[in-house]
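Next up, some structures in structure tokens.
You will see subunit A twice below: alongside subunit B first, and alongside subunit C after that.
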Partner chain A sequence: MSYYLGLVQLIGIHTLLGLSAYVLMLTGQLSLGQAGFFAIGAYSAGILTVIFELPILPALLAAAAIASFFAFLVGFPALRVKGLMLVVATIAFSEFVRLFFFNLSWRVPRGDIEVGPDSTNGFREIRFFVANGWSAWEITAFVWIFVILVMAALWWTDRSRAGAVLRAVGEDELAAQSVGINLTAVKVTAMTAGGFIAGIGGALYAHTATYVDHLTFTVLLATFAIAYPILGGLSSVFGTLVAVIFIQGVLVEGLRFLGDWRNIVFGLLIIAAMNLKPSGLFDARTAQVLKRAVGLGGKD
Partner chain B sequence: MSAVRLSTTALASMAVAALIAFAQPVSAADERTVKIAGWGAKSGPLRSFGVNSEAVLKAAVQSINDSGGVKLGDGTVAQMEFTYYDSACNADQAISVARKVESQTEALIGIGPTCSGAAAAMYGIFQKTVDDESDTGLQFPILTDTAIRPGLAKKSQWTFRNVPNEITMYDELFAWLRAQYPDAKTIYGGTETDQAHSKLTFAIVIVPMAKKHGFEWVGGGIEGVTGKVREGYENVLEVSKSSNWLMADTNFSVQARAFKKSGADMMIVSSHPFTTCGMLKEMKRQRIKPKVLVGLTSSSSAETLKGCSAAAEGMYIPTGFAPITDAAAKVAAAAEANGGSADLHSAAAWENAHIIKQVIESTGIMAKPETLNDDRRKIRDGLETLVKVDGLMGDIGRVQDEGESVKPYVFVQADSGTWKVVHDPR
Partner chain C sequence: MIDFVQNTVDGIMFGSSYALLAIGFTIVFGVMRRINLAFGATIMLGAYAGTWLHVHYQVHVLVVVLTTVVCTVLVGIYVERLCFHAVRRDAALASMVSSFVVWMQLEEVAIHLLPERTYSFPSLIVAGSFELGPFLLRGEQITMLVLAAVMVGALHLLLHRTRYGLALRAISESPRAAAYMGIDAAWVMLCAFALVSLVGAVAGYAILATDEQITPFFGLWATFKGLIAMMLGGMGSLPGAILGGLLLGVVEAHAQWYLGNEYKDLSAYVLLFAMLVLRPGGLLGQRILGREELAFRRV
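Now for the complex of A and B:
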């Protein structure tokens, strides 16, 4: 069972990563910086529980706050660029963060060993969960409490004026500005929120994996972060969850038996999915179909 | 049928097909087979690690079954079965496979995950100390091949490794080179700094061991490097920063120029085959010809010879495997027949399968579903009590406290497209 629970944990964590990019995408911004915020969350939370021996909850919230602070800082210069330039700028940020942790060595004695980030050697011993007797069920529940909270918050936001503002900026900046929307505030807020969510995801990741190193946070992770909302669709937060289940659950884990052919089939299925469902796996139409199916009404 | 329905059906079919394959059933309860699991990088840039490891493991299991199988605790003789998974040299995937094998299969032990980074991550999810009920880590024995970065197995009492000890090997190598090249005085080198194994071995083992045997870094040595492992580690990386590279680098002209400028008698290229070849080709292009060229253990593989045999000509490397005994030659041939190659990394998979057989037969394993957890525990305990096992090149000593091994080794030199054994200290 621990395998399935581990998979459910991973899906939850990657959903948070995808949602951190989803918030930004609502405002029309495409960022590859989410891997950087995820890394900041992972290392910060690890340092707080391992070196400062804080309990997991305050460590996690502090790590998310630190990640969101950096996202806030990145948000301002990022306003000056758009589209592909923003992608390049945020890749640069992610690489900066990755290389910072690649060089970070902060070791403190703990019993007969040293703990803490150890440069290229990675950051081991982030064992808060297992060392405190948490069962796989408890860890899974802990992860999913955050996933559900974040999804609920975003779902609610999407249905509020704030959500309309985010989407208005994403649809047409000029039109949004002309009706009095403060673009700076909206974009920086979205970036900060995305950083906070990625920070939570990173913190949870570090503690479920028990080890992180700079190679965990490469451009590939950043690509996954934006691939989830794109593949899942931006019409709802559930699209990101569906895409994560499809990629992590079905493609990465489900196709493992294919061995060498896995990556080829993986790529073909992604292409097939995007062609068959160009608006996302969970687009507005699918949402309507599901609503009707569960008796919530609604028309096409 | 509308396009939407068609596409939804198609996607659902793909998902269901994958999930059916994904949910592999646990084997029938009455089968008395000894199941083991292997995993490693079968995709990605380090794919050869997993391919070679699987090929050797396949040959080992076949040889065990051909010679009668494994004798269980009640006298039954069972066949050995193995399943090999792709964990792509990725921490998440290695962890996921470990969890899958532990909870969804009847495998008694795992052999994997080939890459040091993945191993370092994966070992963390195991119970640190046996019988510590407050630690909910996995309780499943692992006997790793390939992943060679120093000091990993002691992370958990459930994790063991059968990999060479680089400190001993380089210590002996430089002692031997000292005798072979009495005129060689100075050294210079570089490493791929984003690969922990390459970097650490270079800075904490290779350079200090060279110093220990009288080779001095050009320009009067490095402050803090005394000849003891780890001492002066930071300074080694500092002085070599203009000659280091990253694993994804494809241009080595600056680093090679630094090598050339150094004019050192001995040059060290501490990296995996992919960048070793890039660096050696650039050195050849710049006509850099040191008296002695030394490489990282991981480069004493077929990949280096396939990639740059001419540029690597003359390079010395210590290795834990060479086909110099009948058993080793047999394994090399069997691995090739299975589409892989036996080298210092993968040959351990053969030894591991035979070590597991030995432990199973000595600890009374029953290989029944109802005894699965007991069997796994017995195998762990059996591995911990091992003092010495048979290896392909001679006896392998076990370091019980740390789960590590002390393997016999030889020194090889690239010679006309092959690795020629130039010194055999066994």
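Now for the complex of A and C:
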């Protein structure tokens, strides 16, 4: 059972990661820096609960705030570049963060052992949940509260004027600008929001895994972050969730019986999915069909 | 002062291999407006095939070189068919993610071939080092520089003196106009992939022979160095790729000497970020910005 709960937690955390890229993609920005913000969130939250001994909730929010602050800082220079150049600029940022944590050593004595990030050996002692006797069910619920909150917030944003502004910038920047939308403000806001969501995800990840090191936050993680919204489609936040369940639940876990050859089949299936459903697994048509099936949507 | 010159010379020597990797990215970008993230892994798998023969059958070094090149080209064609030909024309992004996924595939195959962490890589020429006044030059590095110069010269001739080069340049100017002129874009792109794989294989071989070892991290390393060098010079620009590669090599060599080994890679990322902020199009690539934006409108 705990295995499945672990998987459910992982799906929740990766959904947050995917949603952080989703917000940016609504404005037409593609960032491979989400792994960097995720790493900042993970390390900050770990340092706050382990070294400063804060409770989980303030640590988590502070970590997300730190991550969003860095996203805000990165947002301004990154605005100067677009498209594939933004992709490579954000790869550079995320690798920079990874190398920073690769070199970061901050050990403090705690009882008869030392705790804290230990450069190449990683950050081992993030044991808040264990030390406070949380059960696996409680941790899972805790993770999913944040997933649901973020999804609800994004879903609501999409239905408000703010969502329309985001999508307008994503569709056509020139047109958006000509109706008086401030591109800089919109893009930096999206970047900051993405950093905040990725920071929450990272903080939760560090505490459920109890151990992080720089190898967790490679470009592989960043690619997963953008693969979820691409695969799920940008029509709604549920697309990202569906894609995470498809990749993490069905592909990664379901193909475990293939052993070492899993990655090969995995790759082919993702490419096939992208080709067969170009606008995402959960596009407008699928949503329509589903709505009709549960009797919600009328005729279009 | 002597240190400074020595570092600069070392940087240029090693930077020449970065330039070859960058050429691989820049040609694909110039023709297709897409990024092939699997480029490093392609080279790595080719080199692994060569190393596999070397480890298990102790074949001659020339056979290793040949296997590396041929396998890299074959893998390159596989990547093109799967991630670029099969993915819709207007989905540059899906291509990039697909090529990353294929990277995972290639790495998996390479690790199946040779499961250990490092293998020694045979060097073609055992060249010592010699001194020129106060400076020390390594034979492998000179070989690398000469190889790079020859490759660049050959590429230049191919692009500007043959019908194929003309077709390639036509497509990169305007795919639609090229199609009206009866140029078979699919075939040109397939050949372009084979061509950059060949260039990449040579660069990969030169680097690995200088390092005298191969690890599964080589794919990641080569992709990053090539991408950074291309961005520094300007996307889609051939002279830019060469300049970017040399610049990256020199900056890394200085960072390593004056700041220490752990700052070598950091300096590359800082340099790239600074370049993108100050001069987003790279050193020689301002012109391409507008076109790239058009290509990316529909992701």
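In this section, the second predicted complex is superposed on the first by the 297 of 300 C-alpha atoms of A that agree within 3 Å, B and C clash if a C-alpha of one lies under 4 Å from a C-alpha of the other, contacts with A are read in each partner's own complex, and residues count from 1 in each chain.
FYI, a residue touches a chain if its C-beta (ideal position, glycine included) is under 8 Å from a C-beta of that chain, and two chains touch if they have at least 3 such contacts.
On a predicted model such as this, the values are computed, not experimentally measured, just so you know.
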* Superposition on subunit A - do subunit B and subunit C clash or fit -> clash
* To do: Check the residue A:276 against both partner chains and state whether it touches subunit B (first), subunit C (second), both, or neither.
  => first
* Thinking of the overlay built on chain A, is A:230 touched by subunit B (first), by subunit C (second), by both, or by neither? -> second
* **Greater subunit A contact set [subunit C / subunit B]** => B
* First, second, both or neither for A:134, with subunit B first and subunit C second -> first
* Answer with first, second, both or neither: which of subunit B and subunit C does A:216 touch in the superposed model? => first
* Tell me which partner A:56 touches in the superposition: subunit B (first), subunit C (second), both or neither. => neither
* In the overlay, answer first, second, both or neither for which of subunit B and subunit C A:243 touches. => neither
* Could you look at A:126 and tell me whether it touches subunit B, subunit C, both or neither (first, second, both, neither)? => first
* Counting only touches as set out at the top, which of subunit B and subunit C does A:255 meet: first, second, both, neither? -> first
* Identify the partner contact of A:84: answer first if only subunit B is touched, second if only subunit C is, both if each is, neither if none is. => second
* Quick one: which of 5-13, 113-121, 185-193 or 239-247 on subunit C sits on top of subunit B after the fit? -> 113-121
* Structure fact -> Residues on subunit A touched by both subunit B and subunit C 102, 260, 263
* Structure fact -> Seen from subunit A, its contact residues with subunit B in the complex are 1-4, 6-7, 10, 102, 120-122, 124-127, 129-136, 209-216, 246, 250-257, 259-260, 262-263, 269, 272-273, 276-277, 281, 285-286, 289
* For the complex, which residues does subunit B have touching subunit A? -> 4, 6-8, 10-11, 14-15, 18-19, 21-22, 24, 42-43, 47, 84-86, 91-93, 95-97, 99-100, 102-104, 117, 120-121, 124-125, 127-128, 133-138, 149, 155, 193-196, 199-200
* Structure fact -> subunit C contacts subunit A in the complex at 29, 35, 82-83, 86-88, 91-94, 96-98, 100-102, 104-105, 107-109, 112, 220, 224, 227-228, 231, 235, 262, 265-266, 269-270, 272-273, 276-277, 280, 292-293, 295-296, 299
* Structure fact -> subunit A contacts subunit C in the complex at 28, 30, 77-78, 80-85, 87-89, 91-93, 95-96, 99, 102-103, 218-220, 223, 226-227, 230, 260-261, 263-264, 266-268, 270-271, 274-275, 278
